[in-house]
Structures are given as structure tokens and as C-alpha cells.
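Naming follows writing order (A, B, C, D and E), and every chain is counted from residue 1.
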Amino acid sequence: MSGVPVLSLITAAPFVGALLIMFTARHRPGAVRGIAIGSTAVSLLLSLYVYAAYRPDQGGFQFYERYPLVPSLGVAVELGADGISILLILLTAIIIFTGAFASWTIRTRDQEFYALLLTLVTGVFGVFCALDLFVFFLFYELAVLPMYLLIGIWGTSAAVPPQGLFGWTFRATGVGSKEYAAMKLTLYLLLGSAFILVGIFVLYFQAGTASFSLLALQQAEFGPGVQRWVFLAFYVGFGVLAGIWPLHTWSPDGHASAPTAVSMLHAGVLMKLGAYGVVRIAMGLLPEAAAAWAPLMGTIATINIVYGALAAMAQSDLKYVVAYSSVSHMGIVMLGAATLTEAGLNGSVFQMFAHGIMTGLFFALVGLVYEKAHTREIGKMGGFGRRMPGIAAAFTLGALSSLGLPGLAGFVAELLTFLGAWQSAYRWWLFPAVAGTFLTAIYILRVARRIFWGPLAEGEYAHLGDAEGPEWVALVVLSVALILFGLAPVLALGPVDRATVALLDRLGILP
Amino acid sequence: MSGEAVGFVVIAAVLLAASLQVVISTNLFHSVLWLALALVTTAGLFLLLHAEFLAAAQVLLYAGGVVTIVVFAIMLTERLTGQTIRQMNRGIAWGGVVATGVFASIAGVVLRAPARPAGWGAEPASTATLGRALLSDWVLPFEVLSVLLVTALLGAVYLARTED
Amino acid sequence: MLLTLELTLAGLMLFVFVLGLLWGPARRREIGAVTAAGLAGLLVLSFVLDSRGPLFGGAFVMDGLARFFKQVFLLATLLGVVGGLALPQPTFHRRAPEYHLLILASLLGMMLLASARELVLLFVAFELMSIPLYVLAGFLKREEMAVEAALKFFLVGSLSTAVLAYGLSFLYGVTGSTMLPDVVRALGTGDPLLVLGFVLVLAGVGFKIAAFPFHMWVPDTYEAASTPFVAWLSVAPKAAGFAAIFRVFIEGAGDRAVLWVPLAATLGGLTIVAGNLMALPQTNVKRLLAYSGIAHIGYMLLGVAAVSPFGVAVVLFYLVAYVFSNMGAFLVVEVVAQAEGSTGLTAFRGLAQRSPLLALAMLLFLLSLGGIPFVVGFWAKLYVFWAAAEAGLYGLVLLGAVLTVVALFYYLMIAKQMYIDAPATPTPLPIPPALGLVLLASALAVVLLGLYPRPLVETALRAAVPLF
Amino acid sequence: MTLTALAALVVVLPFVAAVILGACPPLRRAGRPAAVVALAGSGLSLILAVRLVAELWGMVRTTLALGAGPPREVLLTIAWLPQAGPEPLASVGVLVDPLSTAMAALVALVAFLVQLYSLGYMAEQRPGSLGRYYLYHSLFVFSMLGLVFAPNFVQMFVFWELVGLCSYLLIGFYYQRPAAAAAAVKAFWVTKLGDVGFLIGIVLLWGATGLFAFPALARAVTALNPGFLALCMFLVYLGAVGKSAQFPLHVWLPDAMEGPTPVSALIHAATMVAAGVYLVERAYPLFLAAPAVLALMAWVGAFTALLAASLALVQTDIKRVLAYSTVSQLGYMMAALGGGAPLAGFFHLLTHGFFKALLFLAAGAVIHAVATNDMFRMGRLARGMPKTTAAFVIGAVALAGLPPFSGFFSKESVLAGVWEGGLYVPFVMLTLTVFLTAFYMFRVVFLTFGGPRQAEGDPHDPPAVMLGPMWVLTAGALAGGVLVAEWGGPSLAQFVAENVDATLPHGPWWLTPISVVLAVAGIVGAWLVYQREAVSAATLRREFGPLARAAERGYGLDAAYGALYRRVLLGTAGVIGWIDRYLVDGVVNLASAWTLRAGARLRTMQTGRAQDYLYGVAVGFLLLALLWGAW
Amino acid sequence: MLKAYLLVAAAVFAIGLFGVLTRRNAVGILLGIELMFNAVNINLLAFARFGGGVAGWILALFTIAITVAEIAVGLAIVIVIFRVRRTVEADHLTLLRG
């Protein structure tokens, strides 16, 4: 299978699915879902193959492919995957596969929904596979834009609309509505991409290699001034998507308003895309600036962790809680990267994966709960565990992973990040980071208790039921992944470690 | 001071005065007449510049043609409303500032400009050379101009006619 | 022969004129079809003919740049004329000969302008292009708005012509020659009068391309005039303006062209900001597109500010992208306006559920205008930034990129109306066949060029390189 | 089979049971069959654990005879977290030595007995709930055994948290009861608070040494800065404070009684809460290098013992009395560790495991019979349920510390250890606690089984499936002395001593008389007050008025925590939420609103008047000219 | 001497511009534009006289012709607008704005 362009296939499969859906499945919901699941299953299987066939002992970028696009300008579709990529590709494949099931109950305009969703996923796969910055950017944009329609059409407006002074002050912007959230998310992320684009151009021209290839740019030397500013541009640009404080406010609104599969994909995968960009491009290409900006990155990351957790605690809308928890957890990712240590970077990458799975699970569950109880307001729920034990169990599992319970994937990432933090030049990062996990335990268990425990209001929720049929797929697959990678993190960390060591080598700070 | 210089000063003074009247006269009709005067004095300047043919064209085409059309237009509109069109200026201050600014910037450059190099363009022009040039070197623009005039005429007629 | 296209066009004009005289009112509406056919023929001819060289001692040249521009003009005019066939107002049927003659005359002006290397020809061509536009803007002479717009257009246009002519007088005066190569060569002397002349010319051309703050006629005219004409107006004369800019400011200037960098860069930056910001509060789609068009001119000016072969090529590419995207968008507006009787934002409500393909086409055009990947507008914006970045104008690139986001806000507002909001009535919109044809062609072009921009880029580069 | 493989099996078997129950919902929902699976897991585990003890004991005898060092076999086969270089960052495995083996045997035994007992106690649960119960149980047994055998800090922490999870799940087993739900999260949060310290301590230790493994750390400890080490060990100790319910983090344990009683017996009396003690025991070489922390531990332990005993006096809920008693006894253990008598502490852990589990099971039988926890609604149960009464009294006597019951021996050695450690004030507190312990235990005995009142209904002894485990534990409580008896070979104490390099302290000669007298005094006092009612309880209460009222409110600790949680934490969260909405997001919204406004402002330039448009051209020219001039 | 002509032309240009900017009446504005074109012609002929040669005359001639064409179209528009709106005050023609 060595000659087969696996990465291209992974990337293209969802898009082919989208085209098929658009052109063959009009008014046939069954066909729409079948094609969607089929095409994502292709991606999933292939990414599993890539995952299994990757040779950690060799390291580096494998499954390499290259197709010239605009040779005169040095643009080429250049694909390849290293330990970090394969993990994130796998994550994407898992999330979209389960997301396709989680969207089963979309009734209105399902054809367009699935087509857009699959298009978006093509973008995500492309970003993780691309080794050419230009192509990277193309896919990046592709991964952001469909979000507008996905949220705008199929989203839901906030359960607790902003009131009082705030609501009044920004009534003109439509704050609280799904349109507002969609617009804010899209524009914020595109604003970030503007910075990225400028950064890419500066690198391209400064390197003088007439190529956008990551591998070629890695060979180039950049002056300290260029490094400093370009890194900042990348950090801000990708950081927006990674939800760094204070550029994170699109994420609660966006995630809360988005339909289930989109929240899953966005919080689960797209935010990782930002972190991936920081690690792969900003840090990978600008080693000196990475060292110079690490204090800022790490400090902001710790703010993210604590601030996100506290903000999550203050929410009364279930989806907002989960969304803010993503902000908090992305702090772990960024902190791990900022430590510039082997353990920290491993933790960062592993957290990308773990948080992706976990938050995907969360949003799938929130979607189910909302669908069945028709409310997202935590105060109105209670005692659902009796009626939906499966959902309650999965939610608890997600909650536990979220608070870093050992045996689930989240712990491994957090432990590694903590170790890295203490090893880094700024040891005090450790303390807010650990405090964050404690705060997480508080808010997440509080929510779990409110929703699933306690007496059930029988009259209002007499009709509640557990997950059924296809809805189980997301729950089961994601839960199993959480446990599997929590019990045996070495599965993922083996390849990842090769990649992070290579990165640290470039940074010149190998242990 | 040579006679030409004296002539220039006088004509320029009249030209400027007439121009000013064009833009500040409160009676539109008077404005047009002042414009005719300005155009004619301009023709005088042309004569000073040894451009007799253009002076003639100026008087015929401009002072004759343009002014006639304008007057015609004014009469037409006045006839329709039945009252004299009074015209006022608004925002004189800002207009003055901007116009003065434009003048200052142009005049500044003109004054700063270096003197023409000696022997620069010694060839004198005559109406005959003008005619020859028009039909040789500039025949293409000339032909295009004819298209332009026809088109403008067509457009003006389309707009001005009332029957449809 | 070098003048074949122009002469053929003149012949077409004559033919249309004669037909207008011969045919009675009932048949006159077919004149549009005749014109379209003629234009299509001319377009084909422009691809077939490839004779190059100067004429009249270099006053008129037929080179790669001219050919490229002429093809753009012809293409835009063809799209505009075909789109105009569907106009419902009786005026356009009864007065089809005048309407099309004026368009063709303006087109002739543009085509000559693209080839003009001499001040007199440039000026005459410029005017031949402009004067019919004033009349066309007020072609619906019974409509209050249309004539008002025409008056504003005319007044601003005439003032600009005066400024332009004043500038030309300096160009001529300093060098004693009306040949552009002589003029540009004289730039080396650094004579301030000459530069003043250039600045005045830039101001005059600024009106034509509608750069801020010369843009003010644009929204009013676009809103009031008939949409297919506006679609054409929004692209063809602007392209011609850029042709003039390249001829006057860039061609042969070599290193001296860096003189124009601050002017073009500032003008471009201002135009981007003003255009995008002013488009934000618009509720009329035509007006919105007008402002967005202004912003696009700003982006193109960034390409000019790069003063490099790539920069020029980028503008050429941008123009083609803009022809398809912008005309497409305007013609969708025309379809909606014919069905709903309104060009307001709300007329688009739920379009995706009424006529999905139409909405998709509009979405593609909007995305292309917004500079989103996989449609042609992305490459246009990207190349512009690329060229500007190459010239070291990183700040402007960032500004432009950030304002792209602002631009997306209003493009997405239209998308929101079409896709998110529910329609008032679920019935599909009737799409006149002529408009449908143009829309299909534009949408296809937008997508195909977005997926495979390479040939166009290379053609543009080939056209641009000899300028330096 | 090697020892390590045996140990691994001991750990894995309950896990297998848990996985089967977790992955097979129909089986789980069947109830009883699920119980069989869980019982099979823990039963097999128990058998293997016993075999492990036997084998290891054999080795101990041999090595002792040969005068060689303590037997220790460490299995580290699986790299858990990789890193560059030959050694993995962290591994999982089992550390087999007498300490872990003895602890494992206790855990396996109590767990099996409790699971058996639960068959009777939980019989009325819905099958689905029962299955869930046994799933949690199996998971707990696995986690606890994994903790016991952990060879390094990472694995210890992993299972440490997992037992915490099981505790959380089982406390909240009756999740529809708001009190149970609240107690579960409270237990999790409070212990997690300690774990924050634990985790930081682990990270700090690793940062200094690059190691996690206990044996390696013990060797590396001398190289560390003593001050830094003290900090690390203090942080690690915080974990033990939370888990072993030391002051001030003891507040969760009484609430944890909301869980089913067998769970209280297993987790919140015999095993999990002792994990903190076990942790200190495990890391004792490290703690030895940080004497300040040990002293703190002793003080806190003694104070906790006294405080909890005083709280136990005023409870009306039988389970809460036992819970406070557990807190108090855990204080004893920690005090012993802090006083330099790890063996005494561990010894007390083992005996306490037996008799406290017994007490809980017996109390469970009572609750089962009378359907209430309130002692003042019980009375004269001895008549209806004599067997239960016998078991409970034996447990109570063992707890009170009368010879020859097991508690006597272990408590004596704890007191002796603290005295020998030179910690006299803690010693006094602990000695005082002896009296209180006897008093509150027999308060329970007399209120429940004797006394003037008669409980409602017709209570009678539980079925055999519940009685059986109680008898086994009774035997343990009775025969605890065996552990220190030296019958022709090394005692269990010596067996364990091989590990912690210490011997059982014996203390001064007056220790035994004093403690026995105090215990008897406590019993007599309780008899006078609650059986004979010679002294009115009300009078007693009046005499100790303020103290009693404070104790009834748990000395206000719960209220303080509640205030901290609600005011400080939720308050801060509210402020942050506000800041996020109004300030951080406000800036974003303002920026967009301003952009929109700028557009709206700018468009007013487009006045519609032609002259203004003409200004555009003129100003534009001026602008260009200025630009050109400026540059 | 050339500069004198140029200055006069600039003055006429500025005066015309002033008229353009301040006149309320569309015809008045047109007159201002006429003045500006006139300035252009003065410029051209001055340059031609002082060495520019015949090209300046040609350009001036074209300017005159074009101006006439512009004026014709412009007045036609004025008439049309007057017919529709009954006013030629530019101030009143503000249906389109914003």
C-alpha cells in the first residue's frame, strides 16, 4: 500500500462524500446519512491504517506526497504526516465519524448540512496533512468558513439570552443569537487567518527559497527581528482559533450556538488546529522567537486555564459550561507547548487529542440532552440519570477525563504538561495549572450532579429517554477512545515523542 | 515693459475679474454673460500667444456655441418654471479654502519649476502646420473625436427629446 | 492589421445604427441580440488575432497588455449586453439602438484607451468612453433617481475630466511632446511641474476607477441606474482606468515608478478602509456592492503600488476575477429585483430555499468578492497581497487582510439573508434565460479559475512583463 | 508462578470483572449474575492474595534465617509514558513486598466479605442498580489493589484517584437523594484538594530527581536539599490528609455515610481511607528525611483523633458516629507514623480494618432491620438480634482497646510509639481520646442494643449471607493479637517490619494500665449515662453546653467550607464570568460596534449633494499633492 | 513669461473650482467647469508658445471640442432633470445618499 496516496485519500474522501450528497441525495435522508458515514468511515479506516503503518523508529514525515500546483511561485500540494499529525488526523477521523452519527436527527435541509460538514472536515484533514504553508492556509480557510452557515442555519440561540446592561448595550450586534455567534466566530477566525497570511508571506520572502514548503523553510535562517514579529503574528492568528485569552470569546458563543456535530468538530478538532499551527509552524519555523515568546505564551496559557475554569463555573447554560471548559483545557495545550520541554510538548499534543475526544463526547451528550429535554439551562434540569443512564455514564466519563482523572486520557496530558511546566524556565506555571484541574473538578461535577443526580421532576420530564440507535455510536466510540488512550497512552505517545524530540532538536533545547 | 506685457496684464486682469464674476454672480444669466467675456478675453490671450486659429475657434465654438446652448438651456428651464433662476453660493468658506489650497499647490509648483532649458522647442507653429498635423500624425484621434461628437450628439438628443 | 478590432467595432456600431433606422419599434429589441452576437464575434476575433506593433509613430500600440485589456472589455461588455437583454422596462426595447450604440461607443473608447500611447488619443479615448456613460446612467430618463444619479455622475466626471486635462497639459508642456514614452522618460529630470501633471492625471483617473475620495458618484449611480448596465459600469470603465494608469504611470517608467508607491499605497489603503466601512451599514444590495467595489479598487491599487511586473499582472488577474464576480453578483441582484421589485437586502430572504442554484451562484460570487479560497477572488486578493508583500508593504497587507474580514461581514449578511432566514414565499424565482446564461457562465468561470488559476496568471504575467 | 505475576493477577482479576460488567450491559442489568461475576473476581483475587502472603512469608522466614535483607521483588515491565532515551518516563507494574502483600490481603479479604454481605444488604435494589453497584465494587477493588502494589508515585497517584472515583460513585449510589449527591461531590472535592498538593509534590520530587519509583527515590533522597524535600513531602502529605480525612480536610468522611453501609465498611473504614496512611508508609524513607513533616503529621494526627472523638460524642446517626470514629482512628495511625512508629501505625491500620468493617457491617444489619440511622429511635435490639449485638459489641470492645482484643494491641503500640517519639502533647491527646473512644462507642452500644427504649417493629438478625462475613470479621477483631504474637516464627508484625525497618514499640510500663483504665472508665461512664441513666444525658449536655453545641455543628468547619465555596469560589467565578461577558467580550463587541458606527458615520459623508461629491475630487487632488509634497 | 501664463491659468482653474464647489445650481457648476477647461487651454497654448510646438494647439483644439460635447450632454441631463424634478438646484437632488 506504499504507493497509494493515503493522505490525499483521507483528505478527499469527505469532500467526495459532500459532492455525492449534493448531487445524488436530494430529498433522500437515508442516502445522505449513508454517504456521509461511508465517506467518513473511509477516512477513519485510512487514518487508522496510517496510524498503524507509521514507523516511529524512523520518525519524520511519512506518507509523503507532492503535486506541483503553481510551480513558478513555489506552491505545491505537499502532504506528509509525522507523529503529531497522525494523531490529530486520527482524532479528526474519529470525531467526524461520530459526528455524522450525532447529527442523525437533523431534519431540516439535511443534505446541505452534511455536505457542508464534510467540506469542513476536508479542510481540517488538509491542514493536518499539509506540509506546504500555502496549501495549509487554503485548507485552513476551508475549515473555517462553512462554519458560518452551519451555525447560522442549524444552530440554536443561547438558552439564556444576555439581559440587562449588556444585552442593551450590544443589542445592535444581535448578541446572544445564533447569527451573532456565527458571524463572530467566522470573522474572528478569519481575522486570525489574516495575521497568519501575513506571517506566511513574510517567511516566504525572507527565506528567499521561493517555496512555501515547510521542509524548505525549516532550512532557512530568519533574523531575530523577523522571527519575533512573525511569531507574534502566528501566535495571534493561530491563537484565536486555539482560544487563547483574551481572544477566546468567539468560542463560547460559537460552540454554544452550533449544532451538535459542529460543536463537536469545532471544539474537538478546530481549536486543535490553532494549537497545531502554533506548534508546527510558529515554533517549528521560528525557534528563537519561540524561546523569546514562551514566557508570554505560557503565562497566557495559565490565565486560560484558571480563567476558563472560573468562567465555566459562572455559566448557567450547559453548552456554555462545556465551551468555557474548552477554553480552559486549551490552556493546557498551550502551556505544554510553551514549556519547550519534551514532557510538556508531549503533554500538549496529547491534550489536543484527549481534549478533542473528550469535548467531542461532551458536545454529543449536550446535544442529546438538549434534544430530549429541550433545554440547556442547568437550573431547569435534575435527576436525568434515572431516565438516561447511558448518557449520564458517558457524561460522567467525560467529566472525569476533563478533571484529569487518571485512567482517562485527560490525565496523561495534564501530568505531562505539569511535569514540563516544572521543568521549564518558569516553574510557577505549575501552580495555576494544577489549580485549574481542581477548579475543573468543581464546576464539572457540580454540573453533572445538577443534571443527572437528585430527584427527577416527573411531570415535566416524564418523556425523557436514553440515547437510542445511532446516537450510541458517538457515545460508545468516544468513551472507549477516552479509556483506551487513558490506560495505554503509550499508544499515542510513541510516535508523538519522536516528533516532539525532533522539534526540540530544532529549537536547540534537547535534554 | 513691453507692449505684449502690458497687454497680458490687462487681459489677464479682465479675465480673472470676469471669471470671478462667473462664479459669484447671483444671477445665472449674468454669470453666463460673464463667462462669455472670460472666454473672449481668453481668446485675447491666445492672440498674445500667437495662436490665431485657436483664438478664432475659442470665440466661435466657445463664446458662440457654448454660451448659446447655455443660454438656451436657461431660457428653457426658466420658461418652464416661469421665474428667474437666482443662484446662490453655499459653503463659501470651505470652497474658498479648498480652491485657494489647490491654487497654492499648483502655483507653488509652477514657481518652483526650473527654467526651461535653452533652445527648448524652437519651432514656431502656424495654422497650416496645425492643419497638416491634424490630418497626419493626429488623424486617429481626429477620427475618434468625430465618433465622440456623434455619440455625444446622439446621447444629448436622446435625453433631451420628449416624445417617449 | 493592428486596428482590426477597433475598426470592426466601429463597423458594428454603424450596423447597429443602420438597423436602428431600418427596423421598426417592434424589432428593435432584437438589436441587443445582434450587438451581443457582434461582441461575441469580436471576442473570438480578439483571441484569434495576435498582431502586435505600434501605429501612427507609436501613438497607438497593440501589445500584450492592450490585448488583455481589450479582451476584458469585450468580455465584460458581452456579459453586460446579454444581461441587459432581460431588462423589462419598455425604454430598453424601444430605444435599444441608442442604448447599444452608446455602450459600443464607450467600449470603443476603452479599447482605444488600452492602446493609447499618446496624450491626445488618450484624452479623446477617455472622453469617448466617459460621455456615453453619463447618458447611459440617465437612460431611464423618466426616473427621478436615475437622472439625479446621471447628473451627479456627469458633474463629478466633468470636473475630473478638467483635472485630467489640466494634468495632461503639464505633461505635454514640460516635455513638449504628447508621446507618452517621451513624457515618462522626462520623469528622470525630476521636474516638479511634470510630477504635478502626473498627480493631476492620477486624480482624474482616480475618478474613473472610483478610488477614495473620488468615488462619491459610485454608490448613487449604481443604485439608480439599470442593473445590467451598472454591472458593466462597475467593471469595464474601471479596467480602462487601470489601463490608463499602467500606460501613463508604469509603462517605461522603470525605477522611476517608485515615485508612485506612496501615492498608490495611500490611495489604496484609504480606499480599502473607506469602501469596506461604508459598505457595512448598507441595506440596498446594489449600493452595498458599489461600496464593496470601491474597496476592491483599493485592493487593486495595492497591486499598482507594488510597481512590479507581478503587481501589474496581479491587477490584471484581479480585474478578470472582478469582472466575473462582480457582474455575476449584480446580475443576481437583477434577477431578484425583477422578481421581488426590490434591491433591498431583505429581498434575498430565503433565496436558498426558493432557488438554490441562484443562491449558490450568488454565494460563489460573494465568496469570490470576499476572497475565500477555491473561488477566483481568493487568488486575486492573495496575489495582490503577495505583490504588496514582495514590495515590502507588509503594513498595507495586514490592513487589507484585516479589512477583508470587515468585508466578509457584509457579504455574509447577504449570505445570511439567502441561507439562514426563512423565505416569505416559497416559490422559486423566475430567471430570464439571458440572465441565467450569463450567471451560469460567470459562476463557472469563478469556480474554474478558482480551482485552476494558473493559465490566467501566466497570461497576465506575459502581458505585464513588457511594461518594465 | 512468580510473586510478581501472582500480584499482577491479584490486581487484574477484579479489573476483568469490572470490564465484563462494564462492557456487557445485559449482564450488568441482570443484577445477581453481575454480583456473581464481581464476587468471582474478588474471591479469586483473595485466594491469590492469601497464596501470595503464604509464599512471601516463606521467603521471609528463609531470608531471616539467612540474615539477608528483606525480600523485595519489583516488576516493571510496561512503559506507560515513553520519552527519548533508554528509560521510559513512567511505568506501571507491581511492587511486591511484605507491606504491600499484607495490605493487599486485608483489602481482598474485606472486599470479598463486604461484597458477600452486600448480596443480602442490597437485595432489595433493582437488578440494574445492583449490577451498577457491583461494577463499582469491582472497579474499587481493582483500584485499591493497584494502589497497594504501586511501585512508583505515578501509579500510586493513578489508583489513588481511581479509588477516589469509586468512593465518589458509591457515595452517590443513591444519586436521587440530594444529600447523597451532595456528599459524593463534597467527598470528591475535598479529597481532590489534598490531591492537588500530592500531585504537585510528585512533580516537584520528579523535577529534582527525575524519578518516580519508591525504591529509587529512597536511594536518591540523601542528595536532596532538606528544605526542598520537606516541601515536597509536605505536599505529598497533603494528599494523605485529604484521603485519610485528617483535620482540616476530614469533613467529607461523615457525609460520605450517605452511601450504602457496606460501602462505608469497605471504603470509608477499612481500606480507602487508610490509603493515606499506606502512602506515608510507602514513602516512609522519604518522610524520614523530612522530620518536620513527620512532627506535623503527629500533631495533626493526634489533634484529629481528639477532635473527631469529641464530634463522635454528639452524633445521633449511628453511621456518623462510626465515621467520626474512623477519622479519629486514622488520626491515631498518622500520629504513630509521625511519631516514628510506622509499624505501629500499619498494625493499627490492619486491626482497625477488621473491627471497623465489622462495626459497619453490624450497624448495617441494624439499619437494615430498623430502617433508620437514628440511634434515638433504636433500643433494646439485643433481644431481637442477639448475633448482631454480639458482633457489634466485640467490635466496640476492640475499638475501645480492651485486651485481649486486637485493638488493644495496636492502640498500645501507637501510644507507645508516640511516647517514644518524644511527642508528649500528642500523646496526652491520644490518651484522652482513649477514654472518649470507649465512651462514644458504648454510648452507641447502649442506645442501640440496650437502654430503656424499645425500637419500633420487630427487628431480627440478618440472613446468613450477611452474618457470615460478620463472623469472619469478628474472628479477626478477636484474634488480632495474633498479628503480634510470636508463635515459633516471625509474627506478621515482623513480616511487615522487614519493609519499614522498624520494630513495634512497647512503651513504658504504665502505659497499659492507664489506657485500660481509661477505656473501662469510658465504658462505665456510657453505661451510667445511657443504660442506667444515672446521669442524664441532657444534664451532661448542659454542662458542656457551648462545646456540645459547637461539636454538633462540627465546630463550624462545614459552614466555613461552605462559605468559602459559595462566597469566595463561586463569587470569584461570578466576577470572572462578568468580566468575560462585559469586559473581554465587551471589547470585542465594542470593536465591532465601533466598526459599524464608523461605517455609519463615514456614510454621512455621502450627503447626496453633488457639490460635496465634487469636493471629493478637489480634496482628493489636494491629498495627493500633499502626499507628494510630504514625500 | 511662461510662468505668468501658467499662474493666470492656475488662478482661473482655482476660480472655476471655487464655482464648482460653491454653486447651488447645476448650470452654475457647469460654468465653473467651463472655466477650468479654459484654464487648461491657456496652459496648453502657453506651453505651445514657449516651445512646445504644434502638439499643444492640437490638444487645445481637442479640449475645446470635447468640452463642447460634454456641455451638450450635460445640458441635456440638466433639461431632463428639470423635466422630472422641476429643479436644477443640486442641493435639492439628494434622493440618493448614504
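Just so we're on the same page, contacts are C-beta pairs under 8 Å (C-beta built on N, C-alpha and C of every residue); 3 or more make two chains touch, one makes a residue touch a chain.
Bear in mind that the values here come from a model prediction, so they are computed numbers and not experimental data.
Ranking all chains by how far their C-alpha centres lie from the centre of chain A, first place goes to B.
Distance from chain E peaks, on a Cα-centroid basis, for D. The leading chain pair by number of C-beta pairs in contact is B-E. Centre to centre, using the average C-alpha position, chain A and chain E are separated by 63 Å. Chain centres here are Cα averages; for chain A and chain C they lie 42 Å apart. Between the CA-based centres of chain C and chain D the separation comes to 78 Å, rounded to the whole angstrom. The geometric centre of chain C is 26 Å away from that of chain E, both derived from CA atoms.
Taken residue by residue, chain E touches two or more other chains at 13, 16-17, 20-24, 26, 29-30, 46, 51-53, 55-56, 58, 62, 66, 69-70, 73, 76-78, 80, 90-91, 93, 95-98, whereas all remaining positions touch fewer.
Residues of chain D in contact with at least two other chains: 596, 603, 606, 608, 610-611, 614-615, 618-619, 621, 625. Residue positions of chain B touching 2 or more other chains, listed in rising order: 90-91, 94, 98-99, 102, 106, 110, 113, 120-121, 138, 141, 145, 148, 152, 155-156, 159.
Chains touching one another, given as pairs, are A-C, A-D, B-C, B-D, B-E, C-D, C-E, D-E. For chain D in complex with chain B, the residues that touch the partner chain are 611, 615, 618-619, 621-622, 625-626, 629. Within the complex, the chain B residues that touch chain D are 90-91, 94, 98-99, 101-102, 105. By the touch criterion given at the top, residues 10, 13, 55-57, 59-60, 91, 94-95, 98, 101-102, 105, 108-109, 112, 118, 120-121, 123-125, 127-128, 131-132, 134-135, 138, 141, 176, 191-193, 195-196 of chain C touch chain B in their complex. Taken in their complex, chain C has these residues touching chain D: 151-152, 155-156, 159-160, 163, 195-196, 199-200, 202-203, 206-207, 211-217, 219-220, 262-263, 266-267, 274, 276-282, 406.
Chain D makes touch with chain E in their complex at residues 603-604, 606-611, 614-615, 618.
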